[in-house]
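Both complexes shown next keep subunit A, but they swap its partner, so subunit B is in the first and subunit C is in the second.
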Partner chain A sequence: MPKVIKTEVEFEGRFYEEYIVLEGEDLSPWGPDRDRDFRLVGKPQPRVDGPERVTGAAKFTHDVRLPGMLYGRILRCPHPHARIQRLDTSKAEKLSGVRLVLSAENAPEIPWRMGLTKLFDRTLRYAGEEVALVVADEEEICYDALELIEVEYKPLPFVVDPEKALEPNAPKVHESGNLLNGAPEVYERGDLQKGFEEADVVVEGTFRTQSVLHNCMETHGSVAHWEGDTLVIWDSTQHIFGVRAQVAQALGLPLHRVRVIKQYMGGGFGSKNAAGKYTVMAALAAQRTGRPVQVLLDRFEENLAAGNRPSTVQTLKLGATREGRLTAIYHKSILNVGAYAAWPASASGPTKRLYECPNVKTEDYSVFTNLGPFSAFRAPGYVEGTFALEAMMDELARKLSLDPLELRLRNYAEVDPITNKPYTTKGLRAAYERGAQLIDWEERERVKKERSRGTKRIGFGMASQIWGGSGGPPAYALVKINPDGTATVITGTQDIGTGTRTALAQIAAEALGFPLESIRVELGDTQWGVYSPLSAGSMTLASVGPAVRAAAEDARSQLLEVGSQVLEIPRDALTLENGEFVDSRDGKRSPVRTIFEKLLNYTIVGQGARGPNPEDKNVNTFGAQFAQVEVDLETGTVKVERMVAVHESGRVINPLTIRSQLYGGIIQGLGYALMERRLEDPRRGIVVNPSLETYKVPTIEDVPEIVAEMVDLPDPEANPLGVKGVGEPPIIPTAAAVANAVADALGFRIHELPLTRDRVLTELLSRDQDRGRGRGEGDR
Partner chain B sequence: MKRFRHADAPDLETAIVLLREEGAEAIAGGTDLLTEMKAGIRAPELLVNLKSLEFKGIRDEGDALAIGALTTLSELEAHPLVKERFPMLAQAASLAATPQLRNVGTVGGNLLQRVRCWYYRHPHVKCWLKGGEECYAEEGLNHRHAIFGTSPCIAVHPSDLAPALIALDAEVRVVGPEVDGWLPLEEIYCLPDENHRERTVLGRGDLLTEVRVPYRGNSRGVFLKAMERAAWSFALVSVAARLDFDGNRVREVRIVLGGVAGKPWRVRDAETLLQGQAPTEELVAKAAEAAVAGARPREHNAYKIPLARSLVRRALLELFELRSRRD
Partner chain C sequence: MVKVFEKRESTLGAADLAGPDPVSLSLRVNGQTFSFVAEPRRTLLDALRYDLGLTGAKKGCDEGTCGACTVLLNGKPVYSCLLLAVECQGHEIETIEGLAKGGKLHPVQEAFVEHDALQCGFCTPGQILSIKALLDENPEPTEEDIKRAVSGNLCRCGAYPHIVEAARAAAKKLPR
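Let's turn to the complex of A and B:
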């Protein structure tokens, strides 16, 4: 009988209450006894869809070509803030091959971004915002037609700097003001003033982080077409069910007439958590033209309008006792959310949660500016916040003459500082120990002395991370046993490139007692009707994995029941191994398919649901990273020589794909630390580097030696699989560890990211000048 | 993209006739032109394909190396004679762009490429160089812009090959109605002004067909490039330096900077300082200082001064150390 319960679910640092429905029996966690017998779980498993990916058979949204498909391309506003005075699409409509032009003139008024704008708005609030959609037989015709659309803009005053946007007479991005919700988000515990009074030492600093762009290899896009009365959408998305709900609402359709498919995706990183305007435009255009319509963004559009990590200005103040116990933390962040926001941004998560500290106050100001709207980006807020917090921890350690690692251990949180609940598991201490061993932390002063020569300076730095990644309900799965003895796993999740298909196949095969080759995982299609949550917040495997295990256990138990009767072996004596029934009395084996030779097309369907997270405990992931860098004082070159990463995310299902996640997160973090930055011209209100030439992401040449390990610590209380997420953790402490190592090498701290050559040289220059004027000695 | 015609040039004469047409543009590797066309920065009526011409390959001419303008950067960097005689040139070629781009991009195209200024390349911007009224970078984001030279456009010349070839005293052959004959590579470059919004003296229909690099006796060169990442990045600052020795004294020296001016920037004051001198560290420091003496930084690019100074110093030290090791 289904059971309805209320539970709390964490997503990217925020908690939400949800009602969920539980089915089936509670599963006991895979404990240590079971561990010894694992055939597949915890073993390196190459991706089950590897051959499709490398041969080009894998179908990405960009690969979808349907008979009669039309192309849709978007006209974008070149001004940072403007009102459309006149819009004339008649010339474009008359161009041969053009099938439709959609704009504010003829499109339905569909509210967008929490009603702050519309699908087609006459007020444009950033350079790159959508003005019209041209649909034509060929892509090239679209581009010709875009040039024939006549738009008269009335330019309006604009602001791109969030600090300026908060000034009293700043141009208004929205009539309601430039501060989201009219106030900062404030968190407080204890008594901040008392905390600082108790402090023997106080450190303070202001840090700036840049806006960075996801630059997914596959840009955002959709292909929409109608099959009878059903709208079918191929969407490059992290959330097929979310896109379904959003599009159904926008077009006023019942859910059962919208089907969303996403089989393969070239990256999302948080920027594809919801339907885009392009999705709804494609659907509307397909409706109007009666033809399939593809709308894809190019790199330029992608980097103006498809999301970003907000820039921040963070002021932090830490107080501590002489022994290095934190007494107070104050953290104020100004976050540039761009023209629209669906939720407030925040950089204070790590400040609230990473260390034990009784008195904490944080304020997060989400500020509207005339720039492309922000979106989630791999551990939103935590990457930015960890950079500032861990820099301040290092400053505190220096002031107290303490080893930075020792300071962190002295403030180790044994219970969650917000909820005061214990953790299900916390492998941070183990991560510190192993990481310090791998980087040779104790020997760092010797290495620095030996290897700092001429203009080169060696430095070491470390940083910690805390993240959610518990996953949670609702998530459902089915496991079908086919008459030939193979099995099909059906879930509504999506593999966004992380290896979800492979991990789910391992779990199902393990639970069923089937070989991996006999498992097929069907996902990425709402038509299966089995809901799974969005693939974000490092929650996919920890949400869907337990549901798959439950469904597989259910199918297994049905299979054994039926098998026992068909084979005439007592149920208790029958087991499943490697796709065969085994009679434990005589060891006789018979393949699963033999029972279906008698039963013909009988199909077993196992059902599984993700149960709730524990109520009395916190589920978190942890990790520590250590960087060794070389800085050239003359050329400003920052070279990361080595990055050690040790993370704890519960049980490891697939060591191969988990290592890929660690590498990927670290490399993306290195881009953030060293080179990536969206540059906005404050006088013109435009982004000057929206291309992959001018916006620098790391090349393989920029990747240092990475030593990545997991503290493989099955978390028996988190969920019956003992798994937690790992997608986001490795990016969180990367920039912080690098920045701390660079500060160690330079002997002073640069408070702003990225640590580009020009920034390092500029800082060195200004210090030279200060020294020339007799200032700057002895400071950092 | 605007519709255009495409014609293979059957021979040099026809190519020049075709290129005299209004709206005609030459295309070889196309790594620069095609990106400009896609971004709507250039919209030629006619593309004249030069790849059908014979100016390819690298020849030993006894007293010089002849490099056809259609030689790809990959061919250049891998050629045994280039590696043996002019390692700095092979080095400059290998640091440009990516292997994929170097497989297609040509020597001629590299020398004549257009600037990478992010305002120039931005489809929403009509800057002075694109026929507009003003330079956006002068008061804008000029991190990557010029510290030398006076021009209404402050974009820098992006080529890595050009500084190396100028340091090697390369000459180029230009065939065409406005410029014709051999001239030093250095002399084809100019800073754009109101009457000539171009970076070379070449006119419509003029084609660069060949590069000639003279052999020197006791000569060593070095090319250094500071980038924003380890690969696939135009130079923030580059330096090409070449020294000929007479005994232990400098007989002849060339120091050419890239990434600092609207054209490859030869620093003659620094060269003069070194002329006829025996190398010392103090002399190197003086020369490095002289190399950046006339620099005028803008809001965001003062870092280029110490960077250029360091690269010149390092290049010279490397050359002198090489020399002393050989002795």
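Let's turn to the complex of A and C:
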């Protein structure tokens, strides 16, 4: 009998209520004691789809080619804020090969971004916002046609600096004002004033972090095609079911008439969590032309309109006792969310949750400006917030003459500081210990003394990480046992490059007693009808994995039941191993497919659902990173010599692919710490570096030695697999650890990212000048 | 590429802007000859992807800054988005689709799978071809040689450490 349960699920620091339907019995958790029995789980496993990815056979949305397919390109507004006075597409429409031009003149009014704008709006609120779509036989013709569209804009006053946007007479991005929801998001526990009164020491600082761009290698895009009355969309997305719901709503279609497919995608990092305007435009164009339409963004559009990590201005104040116990934290953040926001941004997550502290107040101001809208970017808010919080912790340690690591241990949270619930597991202490060992933390002063020569200064720094990553319901899966003795896992999740397909195959094979080669995983298609959540928030494996295991256990038990009757072996004497029935009485083996020789085309279908998360416990992921840097006082160059990362995310299913994720997060974190920055021209209100030539992402030559390890700590209370998420954790503490190491090397702190040569030199020079004027005392 | 911020004043009529008419082109790709008709402004990348249906080379930027479109031209890695198809006639072009022979992966491809030298896989064909070209010329590369060879191939997922491992392993595997 199906059982309906209401439960609470965390996603990127916010809690949501979910209803789920459970069937069958509760699974016994795979606890630490099961480890010795595993054939596949916990073993390094090359990706099951590796061959497709290395041969060019993997079809990305960019690669979809359909008979008669047309190409669409978008005309974008050159002004940061403007109203369209006149729009004439007639010349473009007359160009040979152009099949359609969509704009505010002829497209339906479809509300977009929570109703703040429309699919084609006549008021444009950032440079790069969509004005028209040209659809033509060839891409090159689209470019010609874009130049033939005549638009007269009335430029409007604009603002790109979030602090200026909060001033009373600032130009308004929206009529309702520049502060999202008209007020900051405020969190408070204890008594802040009392907490500061109890403090023996107080540190305070203001930190600035930059906007950074996802720069997924595959730009955003969709291919839309009508099959009869059904709209089929290939979308480079992290959430096929979300795109389906959004597109169905935009076009007024029932859900069952929209099918969304995503097999391979070239990165998302949070920027592909929802449908884009390009998705709906492709669908409308396909409807109007009766032909498949592909709409892809180019690199410039990607960097103007496809999301970013908001810049922040953060003010933090920490109070602590002489013994180094935190008594109070105040944290105010101003976040530049750009022209539109679906939810408030926040940088205060780590402040609320990382350390035990009775008196905390945080305020997050999400501010609209005339820039491209923000979107989730790998651990949104936590990367920014951890940088500021961990810098302040180091300042506190210095003031108290305490080892930074020791200070963190003295404020170690044994229960979640927000909910007061204990954690299911918390491997942070183990991560600190192992990380300190790997970087040789105790020897750092000796190494600094020995290696700092001439203009070079060596420094060490560390930072901690907390994140959700529990995953949760609803997530469903089917496991089919096919008549040829193979099995198919069916679920509506996505493999966004993290290795989901491989991990799910390992789990299914393990639970079924099948070899890995006989498992096929079908995902990324809403047509199967088996829902899974978006692949974001480090929640994919911990959400879908348990559902797959449940479905596989159900299929296995049906298979044993049927097998026992066909083979005439008592049910309790029959087991499955490596795709064969084993009669435990005489050890006789028969391949699974033999029973189907008698049953012909009978197919077994097992069902599985993700159960609820524990109610009385918190499920979180933890980690610590340590950086060793060399700073050149003459050139301002920061060279990271070594990064050590140790993370705890429950059980490790695939040590090979998890290492890829750790490296990936750390390298993106290094880009954030040292080189990446979207530059805006405040006078013109435009982004001046929306290309990969001018926006610097790390190349292979920018990568230092990285030592990355997991604390492999199965978490049987979190879910029956004992897994938690790992996608976001490794990017969270990287910039913080690097910035702390740079401060250690320099002997003073730079409060702004990225730590480019320019910034380091400027700070060094200003200090030299101060010193020249005799004001250098008490540096830091 | 779309010029977002400048609108060129056009005094030409629509028909003139379409450019010269399509011409017959012939390319040697993966040892085979392909003939097709395309406008002279068609890049090698677009010709491969649209006219030949070889979508292994990817379009990440279309202006020579990401390396996802890397193919081999007479054995040397090139950005196919920076070449016109017309100027590649008469040259030997190798794409990722030509690497595996008889259903067996090339040792560089094998090493990329074994060492998980990829995540999303979008930049992977370009990375593999750059490494292949390196190993063809220098069978015993140093770590520096390897990094130099793929320094023009961006990977946003950060597979770099595993790419170095894979290149080293492939160098050991390849016949000398």
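Here is the rule we use: the second predicted complex is superposed on the first by the 779 of 780 C-alpha atoms of A that agree within 3 Å, B and C clash if a C-alpha of one lies under 4 Å from a C-alpha of the other, contacts with A are read in each partner's own complex, and residues count from 1 in each chain.
The rule is short, and it goes like this: a contact is a pair of C-beta atoms (placed from the backbone, for glycine too) under 8 Å apart; a residue touches a chain by one contact, two chains touch by 3 or more.
This one's a predicted model, so the numbers in the text were calculated from it and none came from an experiment.
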item: Which superposed partner A:699 touches (first subunit B, second subunit C, both, neither); value: both
item: Partner chain in contact with A:634 - subunit B first, subunit C second, else both or neither; value: first
item: Touched partner set for A:127, first subunit B, second subunit C, both or neither; value: both
item: Contacts of A:453 with subunit B and subunit C, given as first, second, both or neither; value: neither
item: Partner chain(s) touched by A:689 [first = subunit B, second = subunit C, both, neither]; value: first
item: Subunit B versus subunit C as contact partner of A:761, first or second or both or neither; value: first
item: Partner chain in contact with A:141 - subunit B first, subunit C second, else both or neither; value: second
item: Touching partner for A:86 - first (subunit B), second (subunit C), both, neither; value: neither
item: Partner chain in contact with A:300 - subunit B first, subunit C second, else both or neither; value: both
item: Larger contact residue set on subunit A - subunit B or subunit C; value: C
item: Subunit B and subunit C contact sites that coincide on subunit A, given as residue numbers; value: 78, 127, 140, 143, 300, 686, 690-691, 693, 698-699, 701
item: Parts of subunit A lying in touch with subunit C, wherever the complex brings them together; value: 46-47, 50-60, 62-63, 65, 73-76, 78, 91-92, 94-97, 127-128, 138-141, 143-144, 146-148, 214-219, 264-267, 269, 298-301, 304, 496-499, 656-657, 659-661, 663-668, 686, 690-693, 697-701, 703, 706
item: Residue numbers on subunit B that touch subunit A, as the complex places them; value: 1, 39, 116, 118-119, 121-125, 136, 139-141, 143, 226, 228-233, 236, 300-303, 306-307, 310-311, 313-314
item: Residues of subunit C that touch subunit A when the two form their complex; value: 1-2, 4-8, 10, 14-15, 17-19, 39, 41-42, 46, 49-50, 53-63, 65-66, 68, 95-97, 99-100, 105, 109, 112-114, 116, 118-125, 128, 147-148, 150-164
item: Subunit A - residues contacting subunit B, complex; value: 78, 127, 140, 143, 300, 455, 634-637, 674-675, 679, 681, 683-684, 686, 688-691, 693-694, 696, 698-699, 701-702, 756-758, 761-762, 764-765
